[in-house]
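You will see two complexes here that share chain A, one where it goes with chain B and one where it goes with chain C.
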Partner chain A sequence: MTNLFTQFATTEKASGDIFTSLGIDGQMLLFQVVAFLILVFILSKFVFPPLMKAVDDRQEAIEAGTKAAEAAEKKAEEAQEELAKLLKEARAEAKEIVATAKDEANAMIATSEEKAKSRAEKIVKDAHEQLEKDVIAARKALHNDMIELVALATEKVVGNAVSKDIDKKIIADAVKENA
Partner chain B sequence: MFQQFAASEIEIHVGAGTLFHIGNFPVTNSMLTQLLSLVLMFVAFGYVVSKVKKRKYNRFVGLAQWAFEGMLGQVYDVVPDKAVARKIAPLALSIFFVMLFGYWMSVLPGLDSIKWNGVPVLRAVNADLNFTFAVAIIVFFTVQYLALRAHGPIGSLKRYFRNPIKDPIGSFEGILEFIGEFSRYAALSVRMFGNAFAGEILLVILAVLTGFVSVIALPPFMAFELFIGFVQAYVFFILTVIFTSLAIESHGDHHDQITSRDHSPADSHNKTAASTE
Partner chain C sequence: MAGARLSRRKIAAYFADELLAGRNVAKPLAAYLVESKRTREVTLIVRDIEAALAQRGVLLADIASARELSQDTEHTITAYLKNKTAAKDVHLRQEVDESLLGGVRIETPDQRLDTTLRHRLDQLTASKI
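Now for the complex of A and B:
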């Protein structure tokens, strides 16, 4: 086995153990161990933390996003419920308002009807009174006209024999009789 | 053609080549390429992090962020304990990105042709056993530490050593686990090394074999290397996470999980059946 390696490593020392043949040297090995440890220290101190932080931040952002989405969904559900509640209340209120309006309208109509009735009655009453007054006035006028007419007629028949007072008395009696 | 191949004298080195010394310390070609890969990685990360901090995303930043998030998610999926997952994640992610950038350096042009004192200057760090072995050792100790934290010293020992009279099968299983503990980390490092090393050799040999046609012949193989680099880096990463998950999961937990998995669908089915009835 050693021959095989030494055969390959022709330019290395022809004789020596397997480690020397493979180029393994204690000093170099130690150097590489120390160098690699320093390298790991530098990388884990200066390079990986910001990258890990970025990974963590992204993870946090994703989690926060998920949480926010869940919260938004919950809020939307609550808003929906609130909306449904408000809608229900509004409907009930509207119903009440309509009912009140109907009642008020009915009351108004009733009042108006009452007013109209009383007014109509008043108008009818006034008309009756006016009519009666007119009839009385017409009668009075007719009465006066008739007296004048009878006086004239009597004057024509009787002539000037009767005095004015007698004449008037006769006429009044005649009218009384006629009435 | 074969004469040409032989004439070009391809030198294959299993170990990384030393370019120069700083004091007594040898600086190898794989270290130099690793430095280049790290510079590129930090430039890319610097750009991504600065953009992420400003929350200015474009396609590249989005891709990097997506990859990072996916890998992190996998760590959390595989390791059941979130606290342990948070501890192992930086190491596992570092392994993935360092391995990925390191591997991708093997497609740089001039892999074997640019030489310094006769040694190729470029060599992917993943094709250096020192590096892959070092990372496997770190993973091994980290996993053992996390297992010790999860089960305590006696609990950890019980993973390997059990009473052979009371539980003969479990005792044998423990020995296998003990051997497996070493073999799996050896395999982890050698797997990465083997792929990267073979990939480099493949590209070098193809370049030599195809000569001037290599301009057309190499790109598909380079793209393939990029893909293999991603796969190998991912394998190293996911195995690290799986080893951690296995180590912190006690025998009892495992049994519980299996039984709960076996029973829960049937139980839920019965429950739904009962509720529908």
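Now for the complex of A and C:
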């Protein structure tokens, strides 16, 4: 290290120019500055803009994606809430439907029981009426058979029993009765 | 008698008067009915003649009984009919029908009295329900 400084001092002293002492070529430096500026110009003109634009686009896309993700998440939350709400309503509705169905079933059972009872009563009533009709018909038949029998028996008995004298008395009585 | 169509009442009145006058009316009546083509009305006209006779005090009665009537019974019936119709002369046409069993059925042109046992039995049978 000490050698390096020593050599530097020796060279500067020999040339009398600091750039020379440092090993810098002025023309070369100028050339490099110009080249650098040209490079900067070219880069700023043709490379940086599309690159920046791509970066900006990318950032926008990322932001849009983030926003979309947030929106989707928000929508998902809303959908979840909506779903929960719908589920709650559906459960309530289902509960109501079940309750209504139970009530209707109970009503139908009550109606059916009432109908069955009415029908049974009607059957019993009809049976009683039919029985009464049958009894009346049997009585009529008995009455008619009895009359028929009495008429036949009377005819048989009277036909043999009525003598001439009895017939004469019957006629006399009838005439007297109608006189 | 020929000519215009006479009513049954006029025919009956005419032949009733003829009968009461003692004339036989069977042939003239038959001839008239044939001539006037009213033979189908013979039964009705005979009944009308009997009714006309009854109006003139001569009663023809159909008597039906189960056996032949005695004279006493005939007198009883005749007296009954005279009393009932105020007829002066009563003639009985008797018919025996054993199915009547007993009693008597008396039919005059405007009345009917059925006291037979058959009739009473028929009434009993008709009372069936």
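Criterion: the second predicted complex is superposed on the first by the 109 of 179 C-alpha atoms of A that agree within 3 Å, B and C clash if a C-alpha of one lies under 4 Å from a C-alpha of the other, contacts with A are read in each partner's own complex, and residues count from 1 in each chain.
Here, contacts are C-beta pairs under 8 Å (C-beta built on N, C-alpha and C of every residue); 3 or more make two chains touch, one makes a residue touch a chain.
Just so we're clear, the structure is a prediction, and the values are computed from it rather than from any experiment.
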| item | value |
| --- | --- |
| Chain B versus chain C as contact partner of A:V33, first or second or both or neither | first |
| More chain A residues in contact - chain B or chain C | B |
| First (chain B), second (chain C), both or neither touched by A:I166 | second |
| Partner chain(s) touched by A:V47 [first = chain B, second = chain C, both, neither] | first |
| Which of chain B and chain C A:E148 touches, first, second, both or neither | second |
| Chain B versus chain C as contact partner of A:V158, first or second or both or neither | second |
| Intersection of the chain A residues that touch chain B with those that touch chain C | none |
| Touch list for chain B against partner chain A, complex | 11-16, 25-26, 28, 38, 45, 48-49, 52-53, 65, 68-69, 72, 89-91, 93-94, 97-98, 128-131, 133-135, 137-138 |
| Contact footprint of chain A on chain C as seen in their complex | 65-67, 69-70, 72-73, 76-77, 80, 83-84, 101-104, 113, 115, 117, 121, 124-125, 127-129 |
| Chain A residues within the chain C interface of the complex | 140, 143-144, 147-148, 150-151, 154-155, 158-159, 162, 164, 166-168, 170-172, 174-175, 178-179 |
| Touch list for chain A against partner chain B, complex | 5, 8-12, 21-25, 27-29, 31-33, 35-37, 39-40, 43-44, 46-48, 50-52, 54-55, 58 |
